[in-house]
Amino acid sequence: MFKHTRKLQYNAKPDRPDPLMARRFQESLGGQWGEMTGMMSYLAQGWASTGDEKYKDLLLDTGTEEIAHVEMISTMIAYLLEDAPMYAKEEAIKKDPALAAVVGGMDPEAAIVHGMTAGLTNPNGAAWTGAYTTSSGNLVADMRFNVVRESEARLQVSRLYYMTEDEGVRDMLKFLLARETQHQLQFMKAQEELEEKYGVIVPGDMKEIEHEKYTHVLMNFSDGEGSKEFEGQVAKDGQKFTYQENPLAEGGIPKVKPADKHLHNHQG
Amino acid sequence: MFKHTRKLQYNAKPDRPDPLMARRFQESLGGQWGEMTGMMSYLAQGWASTGDEKYKDLLLDTGTEEIAHVEMISTMIAYLLEDAPMYAKEEAIKKDPALAAVVGGMDPEAAIVHGMTAGLTNPNGAAWTGAYTTSSGNLVADMRFNVVRESEARLQVSRLYYMTEDEGVRDMLKFLLARETQHQLQFMKAQEELEEKYGVIVPGDMKEIEHEKYTHVLMNFSDGEGSKEFEGQVAKDGQKFTYQENPLAEGGIPKVKPADKHLHNHQG
Amino acid sequence: MFKHTRKLQYNAKPDRPDPLMARRFQESLGGQWGEMTGMMSYLAQGWASTGDEKYKDLLLDTGTEEIAHVEMISTMIAYLLEDAPMYAKEEAIKKDPALAAVVGGMDPEAAIVHGMTAGLTNPNGAAWTGAYTTSSGNLVADMRFNVVRESEARLQVSRLYYMTEDEGVRDMLKFLLARETQHQLQFMKAQEELEEKYGVIVPGDMKEIEHEKYTHVLMNFSDGEGSKEFEGQVAKDGQKFTYQENPLAEGGIPKVKPADKHLHNHQG
Amino acid sequence: MFKHTRKLQYNAKPDRPDPLMARRFQESLGGQWGEMTGMMSYLAQGWASTGDEKYKDLLLDTGTEEIAHVEMISTMIAYLLEDAPMYAKEEAIKKDPALAAVVGGMDPEAAIVHGMTAGLTNPNGAAWTGAYTTSSGNLVADMRFNVVRESEARLQVSRLYYMTEDEGVRDMLKFLLARETQHQLQFMKAQEELEEKYGVIVPGDMKEIEHEKYTHVLMNFSDGEGSKEFEGQVAKDGQKFTYQENPLAEGGIPKVKPADKHLHNHQG
Amino acid sequence: MFKHTRKLQYNAKPDRPDPLMARRFQESLGGQWGEMTGMMSYLAQGWASTGDEKYKDLLLDTGTEEIAHVEMISTMIAYLLEDAPMYAKEEAIKKDPALAAVVGGMDPEAAIVHGMTAGLTNPNGAAWTGAYTTSSGNLVADMRFNVVRESEARLQVSRLYYMTEDEGVRDMLKFLLARETQHQLQFMKAQEELEEKYGVIVPGDMKEIEHEKYTHVLMNFSDGEGSKEFEGQVAKDGQKFTYQENPLAEGGIPKVKPADKHLHNHQG
Amino acid sequence: MFKHTRKLQYNAKPDRPDPLMARRFQESLGGQWGEMTGMMSYLAQGWASTGDEKYKDLLLDTGTEEIAHVEMISTMIAYLLEDAPMYAKEEAIKKDPALAAVVGGMDPEAAIVHGMTAGLTNPNGAAWTGAYTTSSGNLVADMRFNVVRESEARLQVSRLYYMTEDEGVRDMLKFLLARETQHQLQFMKAQEELEEKYGVIVPGDMKEIEHEKYTHVLMNFSDGEGSKEFEGQVAKDGQKFTYQENPLAEGGIPKVKPADKHLHNHQG
């Protein structure tokens, strides 16, 4: 169960409106690697967890924090959309290329659909989808996913940083950068502990079953020679990589039976 | 540019048909973490790469291999759908619960839409989407993503393994397990090299900018006590985690201006 | 069965082209609350109805009218796209910020995909989807949905009104505003009649079954004090709202069993 | 900002596993009108609100409660999936039609993708999408939407009720039914207050602008005679409905100009 | 503008209910090539057409007919769902494998979401989307698309035919088969006339511009030898196909510049 | 199995960057009729084929070529995005309307998500989806689909041609135009051969079953008179079209039974 306080976790107030920046922030809200994806992945993983309380709690703490980040970014977007020139007249645009850029580049749905507030979409208006989240039941794999979520999110926040000189916006970004550092580090730590217990290969208990012959071979499917550079290096499980210049097609040519005639698969 | 050989990379032939297993294999073909996601992520990352040929080539080699995996699984699905009982009569079903399970559980679109061949979907018929892929231009983040792709994929293949006793199916799964071991290891190796160069936090050049105060704090947003166990442990960047029992809401209560009256935001 | 006349239900002709306005109109065509959503929801509800002919006919009449609205807006968009500057040269853009706004803000797919005619999308190019529609079989719920459809649609049309000064465009908008007034009123009337028969709570026959203790409690999950203002007020079913300052977590901490080991849910 | 307690808001524990029921509950979790849609709509509306604290707080309280409902249903699904027969052998299925129904009817992705825990999808595996939510900035329209959300959700929960005889499951459903009664009533109350202030037509300030002639006319587009029954009745705004037996096509036949020849619109 | 009659275009009444068949019919309603796709493609093309009235009218006539087909199939689905065993108890299922197949195989959303009526989805519950439709402004291309729509739809209807022995269902299918014959033929005729005017290659006015050298070459990218069989045959434009055993990679190795450092594209 | 060469199939290098053109090219990469759709449709059809090697090989050759086209367009987009002004300051925009158009019109996700490289989307950011592809098992229908794919794709490429004067871009477009000529011709040839064998109506073996009375009737559902012009003309199967001025509604008014009361379908 959850409780809410009206206060934000951190400042989310720009010095002045900027509808183009509002649109860009939609990536951090409703994009593939935005805060919604973090929030729902971590909560779902936490709720799915039946194991060590340590990881379950870490996931639920961080998932709960991410709701606050969704809140902050939604707030930031609404501030950035204050006074947005949705009703600008042609004469005004004709005189001001900066206004032209805003009219051309702002999200028309911000006004038409949301009354100048945030939507649950990315900057191109694609609705956020649960297909961005991951909760597999396997915490080694999922902790790795969480590190990626925080890595891609921090990368995007870093790119946003240089797209504005507004100190208010940058203040919030500096906070998000920091939290995404923490989250990368904490999930890496959890990942390492879990790898130590279950092995570096996910999942850790199929080693006896897989075809061993193909587990450490760099296969060359191109005329590039880069992959070869990994030959002889030591993989994380202690074994060395080998290199196959010309991988064979070992599987033969398939010969599936023609389908039932009632399917009308006319095929020559 | 690409060339194709009719021979498969490895065997993809079951000992006998099994339409329920065919449906399950759609996850490995067109699911979130299936082979299509690997193929298109690695190729896109490879094409996007402007840096070290070593990583670019590794990506393109592996992306090219994944096309062959999509091919193998498509072939396997078609074999598994041979003689599928799409036209079973009620009398036959009444006599055979195993037939009932197949009629109830097979994908009706396999027959109606695809004439008993594979579709570009997951087992629930959701079409594969480019939104599953990642190509950010930042190879540290993307190598991490690739390790996740191979981890989640290998986990799913491992789960499939016990859902069948067909030796032909298992033979192919053993091969896929092995390749996903190799791909996990090779992308980990690349990830490590890149982290050594650019730092473990993605991206590696924003350290001076983020609010340092929040970069190593485990924040407790729940009454769980698991996160506290990480307190004092050494993070991957060498610093120690601290723990905040009661994180503050530092951001104040937001006060966005009411919107332009022409937006008709009647709000009480 | 349906018949078509080439004449439009009402004027749909702007005084002059305006590609930015064309893009905005896509919301009313293919957006979440656009005419397609009205058309397909009302038709589906009408076809699904097995009850009173009065409501079935109202739904089918209005659904049929909405096809004509889809037609009108498609026509308006094509007119607004006449002479759109898709092939404008850089020199021309350099001289005219209004042209810059159009080049930046118009939908590139209008030209590339549709040859300067309407698409079945919203202004951000998201394809219209049946997931926007509702047809539940329960007419009380669905009439409420229909009132919402007309409310959100009329709100959006009102927002569009001030984004143009073109008298032709405004003439059509004035007509749509009026029809959406009628449709709000008629669906409200139907809703009221149905509520009178079945009760104001949907569905009306589960009262004996629900846990009565929780049916009129405003639960406070925040430090805001607004919800408290409803305390003691009379709800539409005649009972009074009570207020719970600190709702309890009555459900205990869940303890789901660890999953089958073949699922490889490594969880610490 | 949010805080989490590990305790659930209410019991979410079935008496025994039931994988078919688990699949059905996905509707209440990740379907169009499920708890995710309530949660994200109310939170977004609350964050977007710049008006009366009373409504803003009501929205945020209820949105926060819905996170707890998402949590409860996720938990219920995991319990219902305990011991699910994903690895059932054909011989066992052959002997037991009830097992056949489960094998045919359970969601294969529950095992393959989620390790027997909940997914962020509906029962047919369609990922939850932000396109289900509404936050328009206009609270009259959005309160109506919220009443619909609670109506459709309570309808679905009522349908689920008779699909099981498990007392544990029913206990949770009785709680949800009750909360959805409260939420319908509270949003109706807010809706009424707002309508009193702004008028029953959304939005309330376009009356002078719309074409008055069409605002109260039931138009007959079919050979059904049901709509006529509303003729002469008093609409919620106090005016009477009129009826038009044969609505005219007043708009003429459109004549859009042929497109630029570089678009290659070859049209006869 | 449209008018509706309550009578269906043709019989849509099965002899007895069949929930599995109901689910399969969703393909013809809301699948990629179902009636919705025909209806919305033809109407959109008709509305977009600015050329010869002959084709415009053909499109609008057929689009209008397709609304009636959507109506018929929705009706058929509702009939097939009469008495569907959504509330079947385990004991009953245990005794009847045919019931097990139905419980496992019917669409759970038919009951939970739609109260045993049709949904706007395919059999796997994927919502119909405007992304299935095509309206390009170029009638040669679009007439070809329309022929495909009717071909794939008729193929699917043919597959459905053998999945039932219900004479009522088959009667409707025989009608749909016939109309899809007519629609294939009429669109082929229109296509031929338009090809005669504009050329067989779409679009017909870029011949002078394309690189002539590559316009009639069968390129061999595999070790298969099938493509070679077309060598020397006469193409529809009168020229002969040539065959290239080993197509060259003429484009060189790309060398894109590294991106701006503020994008943090760390790439080795 | 596949092999890759680093060299492109053809030149894909513009003379200078152009971020607006980069965005437009996304249509040819990840749009409904883009190269991804060709690639995955042809490969899937080839893998699904169990018939004449000639068609199977043609499909696989062309599918393999299309991977190279995806590669070329991805490369072109990255070149066009070199030096894109994502970090342009307001002062610079104020001085340059051409810059304003670029800032407003370029895809913000190109920078934020992809680090100035291609994404797997169309110009409006909608992710490519497998729902665009077709592989039905019936080669007559699918060859027709393939002709459409090449027609719509060539149409779009032709529209792109006049949106740029860059000779490097045009050089690649001239190559694509040529290949899409070849692909149209080759698939038409295959289509004709298959039609000769199986008949012009798809599928070719249901003639005895359909209701013959409706197979050659142009039905008039409008007041347009265009369809009548086809009356008496000879259809591709040798029969003549007839014309029905007033098609009857032969199906009667449907009367579906009210649903089970536990579904709560309150309908008046």
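Note that the chains are named A, B, C, D, E and F in the order they appear, and that numbering of residues resets to 1 at the start of each chain.
Note that in this section contacts are C-beta pairs under 8 Å (C-beta built on N, C-alpha and C of every residue); 3 or more make two chains touch, one makes a residue touch a chain.
Fair warning: this is a prediction, and the values are worked out from it, not measured in the lab.
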item	value
Minimal step count in the chain contact network, subunit B to subunit D	1
Shared chain contacts [subunit A and subunit E, defined touch]	B, C, D, F
Most remote chain, CA-based centroid, reference being subunit F	D
Chain whose Cα centroid lies at the greatest distance from that of subunit C	B
Interface copy of B-D among B-C, A-C or A-E, judged by whether over half of the contact pairs recur	A-C
Which of B-E and C-D has more C-beta pairs touching across its chains	C-D
Mean-CA-position distance for subunit B and subunit A (Å)	12
Subunit A and subunit F: spacing of chain centres that average the CA atoms, whole Å	29
Interface hub residues of subunit B, defined as touching at least two other chains	1-9, 32, 50, 52, 54-55, 60-61, 64, 75, 78, 86-87, 96-97, 100-101, 103-105, 111, 113, 115-117, 121, 124-127, 129, 131, 136-138, 140, 155, 158-159, 161-162, 203, 206, 221-222, 224, 247, 249, 251, 256-257, 259, 262-265
Touch-based graph of the chains, sorted into line, ring, star, complete or other	complete
Of subunit F, residues touching subunit E in the complex	5-13, 32-33, 52-58, 60-61, 64-65, 68, 72, 75, 78-79, 82-83, 86-87, 111, 115-117, 126, 129, 131-132, 134, 136, 138, 140-141, 144-145, 147-148, 150-152, 154-155, 158, 161, 174-175, 177-179, 181-182, 184-186, 188-190, 192, 200-203, 206, 209-222, 224-227, 229-230, 233, 235-237, 241, 247, 249-254, 256-257, 259-260, 262-265
Residue ranges of subunit D in contact with subunit E within the complex	20, 23-24, 27, 31-32, 96-98, 100-105, 122-126, 156, 159-160, 162-163, 165, 221-224, 247, 249, 251, 255-259, 261, 263-268
Complex interface listing, subunit E residues touching subunit D	1-6, 49-52, 54-55, 86-87, 89-90, 93-97, 99-101, 103-105, 107-109, 111-113, 115, 121, 124-127, 137-140, 193-194, 197-198, 203-206
Of subunit A, residues touching subunit D in the complex	1-9, 30, 36, 40, 43-44, 47-48, 50, 60-61, 63-64, 67-68, 70-71, 74-75, 78, 113-121, 127-131, 133, 135-138
Parts of subunit A lying in touch with subunit E, wherever the complex brings them together	155, 158-159, 161-162, 262-264
